[in-house]
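The same chain A turns up in both complexes below, where it pairs with chain B and then with chain C.
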Partner chain A sequence: MPAADTRPHLPQHQKTLVTGVIGSDTHIVGNRILSMALEQAGYKVATLGALTPAADFIKAAVETAADAIMVSSLYGQGELDCRGFRELCIEAGLDDILLYVGGNLVVGKHPWPEIEKIFLDMGFDRAAAPGTRVETVLDWLARDFAAREQGLRRAAG
Partner chain B sequence: MPESAAPETAAPPLSEAALAEDFFQAERKHNLARWPTGADVDFEAAVELHRALPRHKQLAWVMREADRERRCLTQPRGGFGTFEMHRDLMVTLDREGLADVVPTTTDSYTRNEQWQLAQRGIEESEKAGRSLLNGYPMVNYGVAKARELIASIDKPAIMLTGTSMPKLTGEISYAGGYTGYLGSAIAYTTSYTKELSIEQGIRNYQYLDRLVAQYQAQGIELHRRQPGFLTGTNIPPSIAIVTCVLDCLLAAAQGVRNYGLEMGETLHLVQDAAAVAACRELCQEYLARKGYRDVFTPVTLLHWMGAWPQDEAQCAAMVAYGGTLAAIAGANSVTTKSTHEAFGIPTPQANAEGLRITRTAVYMARNIRLDSMPEFQFERDLIKREARAILDKTLEMGDGDTAVGTVRAFAAGVLDIPWSPNRHVKSRVMPARDGDGCLRIVDPGLMPFPREVMEIHRDKLQRHARRTRQPFGHELAVASVYEMAEPIAKLLPDRPRG
Partner chain C sequence: MTKAALLIDFGSTYTKLRAIDLGARRVLGSGQGPSTVTSDINIGMRAAMDDLERHLGGLPRFRYRFASSSAAGGLRMVTVGLVRELTAEAARRAALGAGAKLVGTFSYRLTQKDINKINELKPDIVLLAGGTDGGNSAVVLANAGLLAASALACPVVYAGNRAAADDVSTLLAGCTLIVTENVMPEFNTLNIEPARAVIRQVFIDRIVHAKGIDRARADFDAVLMPTPAAVMEGARLLADGVAGHDGLGTVMVVDPGGATTDVHSVADGRPASGQVVAVGLPEPRIKRTVEGDLGMRHNAATIAEVAGIEALAADAGIDPMRARALLAQLATDVGQLPQSADDIALDQALVRAAVFQAVARHCGTLETVYTAHGPVTVQHGKDLSELDAVIGTGGAIVSSPDPGAVLGKALADNTLPLSLRPRAPSLWLDRGYLLYACGLLAAAEPEAALELALGHLQRLDHQPRSMETGNARIRCA
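Right after this comes the complex of A and B.
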């Protein structure tokens, strides 16, 4: 636990997030609710909506100098759509941008640790299982941004 | 995206009128040249194939029989990325699931006409030994393979295609012996696309409906079907029905005579039964107004189309109750889901199990009807008042032309769809579930519902908001998105609340 911050309160740098549903997927509802909640939590959110190619996420992240990209996929083909996503980020100079992915990420019911590993191996920092609630994602973001200030890649757990 | 030379015949101004023969044939030539498998579509051979199909493999006839016998058929959804996996699925659903209608869901690359990506998906699926595609790439596999799929089952087969671009998938599947095709201009353009205009969506489906009319002219009755479940997220019955009626009028104008209407279940028994009755009656009423008296319009209910709970026991209850609702509502068929729904696409076995659970419920509820119940009559009349207000305004805005009226009404927000991903839809209308479990409208956006009707909705939702200590507003709509997916211990606690 770090010592209490005794500096005078400074307005926090407002973090910018990019959200969207990747590939040929139209499932917009969860992504829209997430985007609304992120805005309410004080983030600046660039919402790309449904049917968003991987390249468009990265373009938007460059244009908005985003701190994180949040990729949604509900239709099972996320595994195909997300391959090479981190590499695209690196090509665009976003080597260390925080990457989250969430939804029903593969076709069929598989144990979550297997699915999570596929996406962490692709270079995502976190993968959210089906049914993950908005509050969990807000908590991850707060802790991961704090961890980054400490020079860590992401917070533990 | 595959491109070839544009057709030489310019598109006529948008209208509901049947496409002119020379324009349709020019379009057709262009369409079939967009991917190599299009060349294998041979209309005469297809007509012969359909003529040789036994009646019990013709969906148009099977739906008419179900209606005559007052039966509720079962049909699942499903598709895998390779031919062998998909054939095994169809056989399993037919034999182990006792499906009355066997589906082929296309993958999402095919839906978006990204056939090169679909090809990669086939190869990756073969390499991995599991499907990486969420459906069957019908266009890549082509007509001959479709015929093999039809030959491997003993039921009628329907295409489930979630697309506003049905032209090549429709040609190949009908030529391959499929006798049903789910999809429509208004429903899928507003629910499955982001950029496509309503006008273009209408034009695309006018092509498919015109094609079906060409088969009809040869004595082959094919089944077309409208996906009024829309975005699958708390769609109030009246909004579903408005799209059912308008899409049905568009199809009838092209010459379709066997047109199914689908609605997602609200999961409230009385509201669902009222919705089925209102849908059937309003479609026939508006068809008659346009002078169509020979269009058969069976109604299908779908198992819950919103978010599902993680608990398989809860899912099993929703599958069974969904069958019960459909049977009591008098639906001609029910489209089933499984206990795997929260995790995405089910295994063939889980899918077959969903069918048998549903079938058992349908059997037990087969002859129960609610027609004499005052609550049923109240809900049916309410739905009709809502739908008529929107339909009449839409047709008026098009000076009687359904296609023109639809485009104008969406631009004005008179027609609106909750939670739509499409830029041409306002998506300001917001539904929410009331304390009894009926879907109501919390915010009508710009839709011109009668004032007395909106007061009923507001009263019921305000009462629910007060009782559950929530603010009255869009929060109710958001909470309703997740309600059915909540753990049952939260929805119905096992100890007194006080």
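Right after this comes the complex of A and C.
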């Protein structure tokens, strides 16, 4: 049988990313800017927009054979909305998909390392603090995809 | 000499003819014969032609002789996609839009059990989709492989991930395969027109022959499409008009039949208010839905189930026990025409319930989502609240003593306040069963077809509903 499903692993393959704002969150502007920047950087982006249930991220990723899902949450309910996200991915056969989350992830002032740990423990590969530059995210993506080629979970640092 | 056209509908019960005077834009006459496609289609066709000749006192020379068909089970289709709400739904819409009778829909990786089921369904065409272009190809290739290894003999239309098309062609080399554009080339982008066109072409090129319809070839020039597609073409023509001649604007056609209730809408259906956020798969402007549980005869029992027997009996003004007994009778004799006053009353309640349910399912709904910044109104499906016209077609509405009351059930009311049903459309009756004929004729003479359709629709009066009820109030909230 032709091994067409090996194509996503070819180095020159254009990576596909799914972006969206999770839960009952209507803050779309930042996510739209991020999506445009990702497209400009050469990624194929499936944009889900605001008010996106967790399951819809997974459905979009299955259909587009996405390489990464980038979840935005700006309204402080991110922890609740993102619980079980990695498990949903595993359930849908997306065991190894790269998962990023970013925004104002929790209500109130907490030290960032604590917040980051919550999301990394949930199975996200990266969590972006408020104010993270697009360039940083692009750098993470490039390095993490390169690390994946070498069989690593994600790049260091 | 009169320039005439003959429009034929090879139906599942009758062979129906309409002879049209193209110059005067009027119906010259009608003819009807039995549907004999299972034995020899020519018998029914001859009977219908004789009937027409009797009415006309002789047959004119026809410039066009176009046919549509829903005979021999209609265009039976199975659709296969990947995610149920995404490519599987897009494939379903493409098949329905092509006028098919959808007998099975499948998603994700097919199992051997699914393949056995598909074989049992004996489809005329399988529509295989899955994956956006450059997206998932593993599942669609696995499904193509399973279909190739099965006993399936019908043509396969491939409208999935473009990147997998070559491999699908290799896998299905032993089958009749037609490759077309992806029904969802990009995530959440619907592209069903190419698949729809290919399905119709396969219908013309192969299915018409396979079903023995072309044995009546001497009596027609071409079978252009399945009958539901002809009705849809008629709806499109009436909505959009032709250059220099306006149509009715946004249109819905409601067709309660013996086995299903079809609803077609020609309207973009986007949110009427900028405050409302549309979610889900984009909606096709020309959309057909088929309700398989709402049929006036074959599925009268399920109409009663959906509406509730008490409510149905109350609407009919008969005792629920009596209604049950009459429904049981209908189940044993689906060919039965209403005789007694109770039969007629029950039939009217059934058609009103079917129209109510089918239109409610076809139209979109509003939902309020509570966010940290207050409530946000979300729209699922099409907003048809501002629709211009609703047209009723088919025997159940046309023969109704009060067709206005039947079509009135399509309108917004306070029973489903979040439903985006039409609020104040004009109501029309396709009394002469001309929509399919106009849809067929539009292929050659669009202007004559439009004028014919507009000239023969009968305007119905109805009591406009109070704007205090229905979706108007929700919109302003």
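Just so it is clear, the second predicted complex is superposed on the first by the 146 of 157 C-alpha atoms of A that agree within 3 Å, B and C clash if a C-alpha of one lies under 4 Å from a C-alpha of the other, contacts with A are read in each partner's own complex, and residues count from 1 in each chain.
The rule is simple: a contact is a pair of C-beta atoms (placed from the backbone, for glycine too) under 8 Å apart; a residue touches a chain by one contact, two chains touch by 3 or more.
Note that the structure is predicted; figures quoted are calculated from it, not measured.
**Q** On the A-aligned overlay, A:104 touches which partner chain: chain B = first, chain C = second, or both, or neither?
**A** A:104 sits against chain B, while chain C stays out of touch.
**Q** I'd like to know which partner A:44 touches here: chain B for first, chain C for second, both or neither.
**A** After superposing on A, A:44 lies in contact with chain C but is clear of chain B.
**Q** So, does A:29 touch the first partner chain B, the second partner chain C, both, or neither?
**A** Touch partner of A:29: chain B, not chain C.
**Q** Identify the partner contact of A:76: answer first if only chain B is touched, second if only chain C is, both if each is, neither if none is.
**A** After superposing on A, A:76 lies in contact with both chain B and chain C.
**Q** After superposition on the shared chain, which partner residues are touched by A:59: those of chain B (first), chain C (second), both, or neither?
**A** second
**Q** Considering only the touch criterion stated at the top, classify A:16 as touching first (chain B), second (chain C), both, or neither.
**A** After superposition on chain A, A:16 lies in contact with chain C alone.
**Q** For chain A, which residues belong to both interfaces, chain B and chain C?
**A** Touching chain B in the first complex and chain C in the second, residues 24-26, 50-51, 75-77 of chain A appear in both lists.
**Q** Touching residues of chain A toward chain B in the complex: what are they?
**A** Residue positions touching the partner: 21, 23-26, 28-30, 32-33, 36, 49-51, 74-77, 79-80, 104, 106-109, 130-131.
**Q** Where on chain B is chain A touching in the complex?
**A** Contact set of chain B toward chain A: 80-81, 107-109, 111-112, 114, 117, 120-121, 124, 130-134, 162, 191-195, 231, 233, 307, 310, 340, 342-347, 350, 419-421, 478, 481, 485.
**Q** Flag every residue of chain A that touches chain C in the complex, lowest number first.
**A** Touching chain C: residues 1-2, 4-5, 7, 14, 16, 18, 24-26, 44, 46-48, 50-51, 59-60, 62-66, 75-77 of chain A.
**Q** Considering only the defined contacts, which chain C positions touch chain A in the complex?
**A** Chain C residues touching chain A: 82-83, 85-87, 130-132, 134-138, 141, 145, 163-164, 166-167, 170-171, 184, 186-188, 277, 279, 369-373, 376, 378.
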